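Next come two complexes built around chain A: one with chain B, the other with chain C.
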Partner chain A sequence: MELAGLGAYLLFFLNLVGIYAIMALGLNMQWGMTGQFNIGIAGFFAVGAYTTAILTTGPADGWLGGFDLPFLLGLAGSIIVCVPVAWVVGRITANLRTDYLAIATIGIAEIIRLFFLNEGWLSNGTRGIPGIQKPLDLGNGGYLLIVLAFVAITYLLVEVARRSPWGRVLRAIRDNEPATAAAGKDIARFRLEAFVVGSCIMALGGGLYAHFVGFVSPEAFRPLYGTFLVWVMLIAGGSGNNLGAMLGALVVWIIWSSTEVLADLVPTALIGSESAFRVFLIGVLLQVILVSRPQGLLPERRPPMPGERRRS
Partner chain B sequence: MIEVIQLLINGILLGSILALGAVGATMIFGVLRFAHFAHGDFMAVGAYFALTVVTVFNLPVLAALPVAMAGTAALAVAIDQVVYKRIRRVQPVILLISSFATALVLRSAIQMIWGSSNQVYETGIQLPWRIGPLTLKPDHLLIFAAAAGLVLMVHLFLTRTRMGKAMRAMSDNMDLALITGIPADRVIMWTWAIGGALAAAAGVLLGMDTRLHPVMGWTLLLPIFAATILGGIGRPYGAILGGLVIGCAMELSTLIIPGSYKPAVAFAIMVLTLIFRPQGIIKGAV
Partner chain C sequence: MIEIERISRAFGGLQAVRDVSFTVEKGSITGLIGPNGAGKSTLFNIVAGALPPDSGRIRLEGEDITGLPTHQLFHKGLVRTFQIPHEFSRMTVRENLMLVPARQSGERLLKSWLGWWKVVREDREILRRADEVLDFLEIGHVRDELAGNLSGGQKKLLDLGRTMMTDAKAVLLDEPGAGVNRTLLGKLAEAIERLNRERGYTFCVIEHDMDLIARLCDPVQVMANGELIASGDMATLRDNPEVREAYLGTGASGTAGAA
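What follows is the complex of A and B.
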């Protein structure tokens, strides 16, 4: 590959890493900090992507659109629309734990995907919504700066949240729910708050994704790309650790891209389909990580308690 | 009215396939305490095993059924021994994610070995029987009969054999069962074997009814979980009932809403069950 092509690929690659890092941070708020087993990431991803797609595109023919709003308002719209969706989902699944929450969230995510697939007046069905512009006519390079800025902002916010009393309550709920309840904390409220905030971060990732790719269709929100990769990133990076979540996004995308190279090396006759071979490799890889290092690359570290630093 | 009866027939057909999948899923859920996300892909693997037997040895599908069941049972036990067994003592959630990875590995393996296009066991159109205004394909009767036979065998296994009783005991009360000296490892192996075999049967019957496709099992996974939860976790009889209810509800829903929302109906029933009656119709183990 020539150098210019490599550079262009690198920009493309880093944009996706940034977008997925944001989603991994959102999941870390739900799973890493609160212990909520959400495997409906794709649903919030889709809500965010479709909202900004509808709000920022020009006149549409046959589906809802034509608002032509600027980029930042589109992203704000993604988050604002996600709040009630996540609130309702969080509310109806409030009493579910682990496996049950997992099954319920993946079911809801699939319902959301079916909704975008079938309601053509809203989302143009399977054909999807094309022509979503990047802001200020930026290329991938300029857009990368915007994505990185959002990664930095999100990271700072979730890290502040993690070290705050609020984050401490979330971890307490994760580690010992009855004890936290006995300490007088309103568990249902904290869980719902964490769920909504985490989902809105995912919706932000979805919005950035829509502007980056320029096109959204229900295909992108299947459980594999929408949910599974984000989980692999968080588990590989280290759940509970925000730096780990971002590192996981980078590492998993590197591996995901290198499987493409690997798939090129193996003769097609042997593996049948290249994309299937890549999924196969990433699945095997995840199994290896889970068996050998279930705590991830960067395990969680407890932030210092208030006053703790003074004593030492 | 005629339309309703026709949809009910389709619903029971779909329901009996779901029931076979759900019985295995509910037993794995009951004994091992985790939602096995690769169960749908076990179905697909079973269906493709049967396809190989049908094309290579030129046998009828029902003759290939036992081979596919045995093959998938062996595969299920092997996956458990190689992967799940090692992480069983860590958090249950790690198991769940691991089963998700297994699902992807199996599905992509199918695409690599058998290709990702639609395939059928037998080409040619089967003439449906017309009974008054109703239509019924001969294959449908075979599917009913096979599903009913398998359910009966599971019933006899669970009630008449020591292993079946041990399995129910572990699903009912794990601690009590272990104290009484039930060999947990062997029960777990049998659970995987039976779960895998039933999933394969469901896959083969689904393939007879429609066509074979690498994601055929995955699309039915959530309806199967819905049946499992509706029937109560760890309750094989509840799972059968749940499967029939979900199957009929999915088919009958097409009277009111577009058919493309069929899967959403199953998910909606599942979410409602989880919220209002999380123990299921028949009180479940969890």
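What follows is the complex of A and C.
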């Protein structure tokens, strides 16, 4: 690859890393802090992406659209629409723990995907919604600055939340629910709040994604891209650690992209199964991490006590 | 303070608690003893809101609290500890205590975001109180350890410490002495006595260690097979034939539960 091509690829790559970093931060609030096993990330990713697609595109041909709203209003819409969706899902699943929550959320994510697939009046079905613009006619380079700004804001909000008494209650719930109730905390309220806020962060990632690729269709929200990769990123980076979540997004996306190069090297007998092979490699990577370094690249650290200065 | 009125509860065919009534008087340290399987912990779980009774009422200072969830009872001033210590194992000892105080403004996410400096100021005050409690219990040296790394006895002290971070009026202690060595046990008893005397906490204590019960509790309620069989001070109960039978079987001699 020549230098200009490499530079262009790097911009493309970093945009996606940033978008996935935001989603990993959202998952960290649910799993890392609260212990909620949400494997329906793709559903909230889709809600965010479709909402801004519908709100910001020009004249629509047979689907809901033509509002032509500005970029920031589209993203705001992504988050606002996600609130009731996540609230309902959170209420339904409020009393489910670990594996039961996992089953329920993966089912709900598929329902959301199939909803967008089948409700053509809303989403144009399989053909998807094209023509989603980046703001201000920016290229990938300019858009990267916007994505990075959102990554920074999201990181700050999630990290402040983690260090706050609110985050302390979440970690207590993760450790021991009966004792948290005995300390007077309304567990259902805190679990629901973490679920809704985490899901809205995923929806924000979805909105940024839609403007980046310019086109959304149900195909993009299959569990592999929407959910599984985000989980690998968080586990690899260090669940419970927000910097780790972002580092995981970078590292896993590097590995994921480089397997694309591998696809060119596969023997002819295997042509056609490259994509399955990539998934297999990511699965192996997850296994290796879980066995050799279960705490991730950057392990969780307790928040500093008020007034405490850390040396390190 | 806590009125237990005709509480019954069955698990399948097992009648764990049968028609039990007694009152924990304000300012008392009331003991609850009985052999294993007597129904003490079930009764505790019912009073603490962790388990609904089949019939009967619980009143706290005259107010009917039957069936209220645990976190609401906490805000009414009724707090419990657990038989097996329930520490937050991946949080530090200090954090275990700082979690507890009610009405922390930082427990509202929006306030944490929009007024984090106020939340930090408030948290500093909570930290000071937590350190006071740790000094009172003489476990200040492990304040930054993860609670999961503490010894069994230290975890028991930490459980008690969490109740000291509240504005509790009544505290239910489920076997505070289990697994605690003699030295630590003396400290624990002293802490309970001081809380009762200086802060006016009312206690209801389940315990198998009869020396601890004799030192702390008056009156003592005795349960066996789900029923209340006797009550009174420890000296009287030691000579009560029904109590001796419950603990040692018919015709046994010697002092009931002296071990």
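Observations on the structure shown:
Just so we're on the same page, the second predicted complex is superposed on the first by the 301 of 312 C-alpha atoms of A that agree within 3 Å, B and C clash if a C-alpha of one lies under 4 Å from a C-alpha of the other, contacts with A are read in each partner's own complex, and residues count from 1 in each chain.
Everything below uses one rule, namely that a residue touches a chain if its C-beta (ideal position, glycine included) is under 8 Å from a C-beta of that chain, and two chains touch if they have at least 3 such contacts.
The shown structure was predicted, so the numbers you read here are calculated from the model rather than taken from an experiment.
Residue contacts after overlaying the shared chain place A:118 against chain B, while chain C stays out of touching range. Using the contact criterion defined above for the overlaid structures, shared-chain residue A:149 touches neither chain B nor chain C, since it reaches no partner.
Within the superposed three-chain model, A:184 lies in touch with chain C and out of touch with chain B [touch as defined at top].
In the superposed model, A:92 lies in contact with chain B only, and not with chain C. Note on chain A: of its two partners chain C and chain B, the one contacting more of its residues is B. In the superposed pair of complexes, A:282 makes contact with chain B only, with no contact to chain C. Within the superposed three-chain model, A:273 lies in touch with chain B and out of touch with chain C [touch as defined at top].
Residues common to the contacts of chain A with chain B and with chain C across the two structures: none.
Within the complex, the chain C residues that touch chain A are 48, 50, 69-71, 74-75, 79-82, 86-92, 94-95, 98-100, 102, 104, 106-109, 112-113, 116, 119-121, 123-124, 127, 162, 166. On chain A, the positions that touch chain B within their shared complex are 37, 39, 92-93, 95-96, 98-100, 102-104, 106-108, 110-111, 114-115, 117-118, 224, 228, 231, 235, 271-273, 276-280, 282-284, 286-287, 290-291, 294.
Partner chain C is touched in their complex by these residues of chain A: 157, 160-161, 164-169, 171-172, 174-176, 178-187, 193, 197, 302, 305-307. Within the complex formed with chain A, the residues of chain B that make contact are 29, 33-35, 83, 86-87, 90-94, 96-98, 100-105, 107-109, 111-113, 115-116, 222, 225-226, 229, 258, 260-261, 263-264, 267-268, 270-271, 274-275, 278.
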